[in-house]
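In what follows, chain A forms one complex with chain B and a second complex with chain C.
For the complex of A and B:
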């Protein structure tokens, strides 16, 4: 555990020192801030639009940061041979995977937290109240981001950062259209239905973590549903990192 | 050794050229953008493309409500330029997010004067089903039934819903619960528009409400002038312009709704 925490700490420091990350954060803050201007065009729905665009901004930029930080996570370590240095010490490959994952997650979490604080401040300044449900939405977004990061790390072991990014974006896209795929499968029937339903259960269902559409309308979210989504994320992360670990074990280093 | 004065001058002018160059390029960029905007305003307006909500849902990564807000802002921009497309655009907004209440209310109040009476009502009826907590939808629906359909039964039905809603404002509650008890339909209409003006923050809705209020005020003014005319001559004028000749009115006012005023045989001011 100590090894994991040391690697995580180093990864976190390395991640937040990246200048490109600051650029993305500045763009994210500008986007969230601009929701005030956009909302003024919406006639009576200012706060609704700020909440919508604010949460969408946190989500989209959170994803960009995740892909940016996660894509080259392991690949660069292997390419630069820094993994060899780590493995020459009493550090297992599993420690590297988990350390990288936790460090990057902490880095991404910090940036998402920063965006969330900016969002809450903007909402308060614009005449809204403290948006507690939005905090829950951001928490679930973190669960989604953690899942994607685990998948990204898994991909980054056996492929280049560009390919890992493309695969992860595909997973992200499929993950969000799964409910539509399910609808289609039910209508289709026959073999197509079974094939699509297999895909439906295997691919990560990222719509589980999307409560933004409910939050903006102040629709209560059952706590059981939230817990189930968090559990789903944890299970998927375990699976993805387990596969990542096996893949790294097979790698000739 | 110091460079010769000519050499120094050359270095100096080269430095000025280097500094001025980016500004020159920037000026060209600004000028080209300015010229492009002038040219663009000469081009005919392209009608908005309506993409079905189902397709948009495929590409918005689950951000349906944010996509709906974006679509809503886009829809508002089209009110002045492409009013015929508004019903379809509002449908897309609410297909993306059926719980987004304001477009339903907006549609039922703004679409009938644009010639989409049934379309506006259809959208609002869906709104009443989907968002049963938003008082504006039944209130504006009742207003439309009252004004554009002269359907007092349905107007009363939806006003009654508003009167019983806990979150509706006092102004709306008062009008809704008084509906059917006023002396004239015109009084009721004026009351309704006044309450809409007071309770709305939407500039477009406020402007429309104030136009109706001014229009009704003008009708009342014309009827008073017609009454004075009758006291003077013993009969109502056959043409509305006759109110100007004896100096009762300086001029016949122009309706802010773009309608033409006239008087019937009983001295009642109407608009067509």
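For the complex of A and C:
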């Protein structure tokens, strides 16, 4: 556990010093900030527009940062042979996987937190109140991002960063249309139903983490659903990182 | 003692290391020589526990390097080492030292190791701004953070200027005097000639010579004898 935390700390330092990351964060803050200008064009719907824009901005830029940091996580370690320096020390391959995951998650979490603080400040300055449901939405977004990061790390062991990015975007898309796929499968029946249901259970259901619409329209969020979604994310992360660990164990450096 | 017995490694169909056996006594400098692609790096990566062999065994002080705890006594410098570019030299040294248990960490401070390896002045610079020679020195420095009993170096003299090569050779001799065992790969034969107690020569994965430098070269230079031997095969 000690070495996992040391690798995580090192990964975090390395990640937050990347100049490209700063560029993305600045862009994200401008996007979230622009909600003030756009909301001024609406008719008495300022807060609604800020919440809509703000939460969408945090989500989109959170995803961009996740893909940017996660796609090359293990691939770069192997290609640049920094793994040689780690594995010749009392470090296991599992330490590398978990250390990278936690370090990158801390980096992504920090940037999402920064965006969330900017959003809350804009909301308060614009006359809104402290948006607790939005904080919950960001929390669930973190669970989704953590799940995607674990999947990205798994992909980055056996494929290039570009391919890992493409696969993850596909999973992101499928993961958000899974409820529709389930509905279609039930209606379809026969073999199609079983094939689609297999896909439904294999791919992560990312809609479980999307409560942004409920937040924006002030619809109450059942706490049980939130807890189930967090558990679902944890289970999927464990599975993806376990597979990643097995794949890395088989790999010759 | 480092004891290697029947070590074999395949990459696909190709045998990269073929039934290699070696026995290296404590407190000696061993030079592992061979042309490019002979299997030197593959061998050293297995010895330090990075990759596993398809068959054979490795024992370092009676323990297999595939147990992480056994690597507490090992220091390794890879060929053309790569680091985390956003860190400074000193930050990387701290990171490397923290990966060892408290009792394995070097008695001398990290700054002392950086001074000894000639990279102290650049300790607060980001590694991405280091030259090849500076990275080579940092690679050597990080291999010493745990005060290892066994030091493995893959082409340590590569990328160093003549002054750097001389300094490193002096450092290796001093480390040997402390009773440590040094195993290094090299193809700079003139350097190996001066400092090694024993050499091993590998060609196409097979060990073709193991013993003292003098026994191998006879009345020729090591380079001459090496080229002649390899050409005959």
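Here are a few things to note about the model shown:
Note that the second predicted complex is superposed on the first by the 253 of 253 C-alpha atoms of A that agree within 3 Å, B and C clash if a C-alpha of one lies under 4 Å from a C-alpha of the other, contacts with A are read in each partner's own complex, and residues count from 1 in each chain.
Operating definition for what follows: a contact is a pair of C-beta atoms (placed from the backbone, for glycine too) under 8 Å apart; a residue touches a chain by one contact, two chains touch by 3 or more.
Values in this document were obtained by computation on a predicted structure and should not be read as measured data.
In the superposition on chain A, A:83 contacts chain C only, with no contact to chain B.
By the touch criterion stated above, A:6 is placed in contact with chain C alone, chain B being left untouched. Within the superposed three-chain model, A:92 lies in touch with chain C and out of touch with chain B [touch as defined at top].
In the superposition on chain A, contact is made by A:43 with chain B only, not with chain C.
By the touch criterion defined above, A:141 reaches neither chain B nor chain C. Counting contacts by the rule stated earlier, no residue of chain A appears in both its interface with chain B and its interface with chain C. Looking at the complex, you find that chain B touches chain A at residues 57-58, 61-66, 68-70, 72-73, 76-77, 97, 99-100, 102, 106, 200-205. For chain C in complex with chain A, the residues that touch the partner chain are 11, 45, 48-51, 68-69, 71-72, 74, 76, 78, 81-84, 86-87, 91, 95-96, 98-101, 104, 142, 146, 152. Chain A meets chain C in the complex at residues 3, 6-7, 10, 13-14, 17-18, 80-92, 252-253.
Considering their complex, residues 38, 41-45, 48-49, 52-53, 55-56, 59-60, 172-173, 176-177, 180, 206-207, 210, 212-213, 216-217, 219 of chain A touch chain B.
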